[in-house]
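Working notes, structure below.
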Amino acid sequence: MALTSQVAQAIIEAADAKARELRQPVIVAVLDAGGHLKAFRRMDGAVLGSIDVATRKARTAVLFACNSEDVWEYCKPGAPAHALELTNGGLAPFGGGVALKSADGGLVGAVGVSGGAVDQDVAVAQAGAAAFAS
Amino acid sequence: MALTSQVAQAIIEAADAKARELRQPVIVAVLDAGGHLKAFRRMDGAVLGSIDVATRKARTAVLFACNSEDVWEYCKPGAPAHALELTNGGLAPFGGGVALKSADGGLVGAVGVSGGAVDQDVAVAQAGAAAFAS
Amino acid sequence: MALTSQVAQAIIEAADAKARELRQPVIVAVLDAGGHLKAFRRMDGAVLGSIDVATRKARTAVLFACNSEDVWEYCKPGAPAHALELTNGGLAPFGGGVALKSADGGLVGAVGVSGGAVDQDVAVAQAGAAAFAS
Amino acid sequence: MALTSQVAQAIIEAADAKARELRQPVIVAVLDAGGHLKAFRRMDGAVLGSIDVATRKARTAVLFACNSEDVWEYCKPGAPAHALELTNGGLAPFGGGVALKSADGGLVGAVGVSGGAVDQDVAVAQAGAAAFAS
């Protein structure tokens, strides 16, 4: 499935609906496979700092073609990729960035969510990603 | 009128409709009065370079509480504010950024559009701004 | 209470008075709810490095609508938001940034203080914030 | 005369008074001889874009130990220092930055003003500088 503007908007709406269900305003950013912004929503009441965090989580997911928290496995204390999180202008190696992949596994983009607790952000991002997959 | 997420989305949709009418895919960015991103859409076929341009036009409009092209009056050759366009991380002092103001004239935010010819971008941004005013 | 220039100056003066009481020269930065500088004072004898630190503490408080040290709860070792401090151009997740909120809890801005020990900075920032609340 | 915090505040107040007389809200930034911020005021109603412009004018004045508009003589079309305005992270080579010098001609700092027309900004900056000289 291509990441058209219509699909990107459907991702935003699905994430928004999940965030409302959790009563947690968030920011949702959808990036394409080049890491470029495709669609974005800042829900009312979401903190300003999450604009950058949501976008950065999605960018982290695109850059490494995985979910943002998976990058932490490479750079956490004891892992060999010391300071990997400092590369690429700074990564966000924690939950809330979900890679969007086509049926054949190719990277199509990512959705990034920030504004709540990490597990809430993950749930909202997954709800957005599910709208992509369907 | 406050720049709620619902209002910001209505601005995006109105701009999108105008761009379709002109058969010119564009990017639309909506910023609040502090210059922070509230909503964003990249229409299918719009060039990547316009992500920054659209956002920068809107930011220029917020920063000087006017339309983006009005800033050129201050920095064009012969005007006294030489190189004003180099301030604030780089301005976009040309058409396509429209300030959103409340009934009492207070700045509420701005919409920025890029992707077409400047007069097309202006028309699309004005269509977005009209959705705010109504 | 709105963050007028007069109110911002009162915050600066109250913080300055507290710093004098502690015999510790500091820097005081007052930002609005969009993170934009409203008022600033560098007391005689305060180190230059604290210009950025004071401003960054206040910005951290604005971005997450809380006191700057509260952000550390999210990014300290063992917490789930690894490297959150690298976002938004670099945060200052330690004491000395105090969010300014209106009676209804809405974010109005923040005061940031740096120059002394962290507990001194916190005391000075709180003295500034108290001038806002009163 | 040293640029103490008290003196810097007097510069701010004198500039503010002049701006009120001209009924033009502005931003006033006072920098020391190292180009570091000493005092700052954003008057109510001044546009956000002038935060950077006022500071940059003062920095331009400090960097070249002259008034900000004097730098334009070196980089204007036909002058030999092509693109000088691009150096130092971007200069503001137009009126509103006034160097503060001691009786023996040594550079002590600068005051930068932005928010009105260039001639208004110059008048306000000069009023601030006069408070320093007196």
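Every chain is named by a letter (A, B, C and D) in the order it is written, and numbering of its residues begins at 1.
Following the convention adopted for this analysis, a residue touches a chain if its C-beta (ideal position, glycine included) is under 8 Å from a C-beta of that chain, and two chains touch if they have at least 3 such contacts.
Please read all numbers here as calculations on a predicted model, not as lab measurements.
Asker: With centres defined by CA atoms only, which chain is the most remote from subunit A?
Answerer: D
Asker: Would you kindly tell me how far, in whole Å, the mean C-alpha position of subunit C lies from that of subunit A?
Answerer: 30
Asker: Express in whole angstrom the distance between the two chain centres, defined as the mean CA positions of subunit A and subunit D.
Answerer: Whole-Å distance between the two chain centres: 43.
Asker: Quick one: report the Å distance separating subunit C from subunit D, using the average Cα coordinate of each chain.
Answerer: Inter-chain centre distance comes to 26 Å.
Asker: Considering subunit B alone, which of its residues make contact with at least two other chains?
Answerer: Subunit B, residues with two or more chain partners: 34-36.
Asker: Mapping chain-to-chain touches, which pattern fits: line, ring, star, complete or other?
Answerer: Shape of the chain contacts: other, as it matches none of the listed patterns.
Asker: Any idea which subunit B residues touch subunit D in the complex?
Answerer: It is residues 34-35, 60, 62-65, 77, 80-84, 86-89, 91 of subunit B that touch subunit D.
Asker: What residues of subunit B sit close enough to touch subunit A in their complex?
Answerer: For subunit B paired with subunit A, touching residues are 4-5, 8-9, 34, 36-44, 48, 51.
Asker: If we count contacts the way the header does, which residues on subunit D are in touch with subunit B in the complex?
Answerer: 47-49, 52-53, 56, 72, 76-77, 85-86, 90-95, 117-119
Asker: List the residues on subunit B that touch subunit C in their complex, please.
Answerer: Spelled out, the residues of subunit B in touch with subunit C are 32-36.
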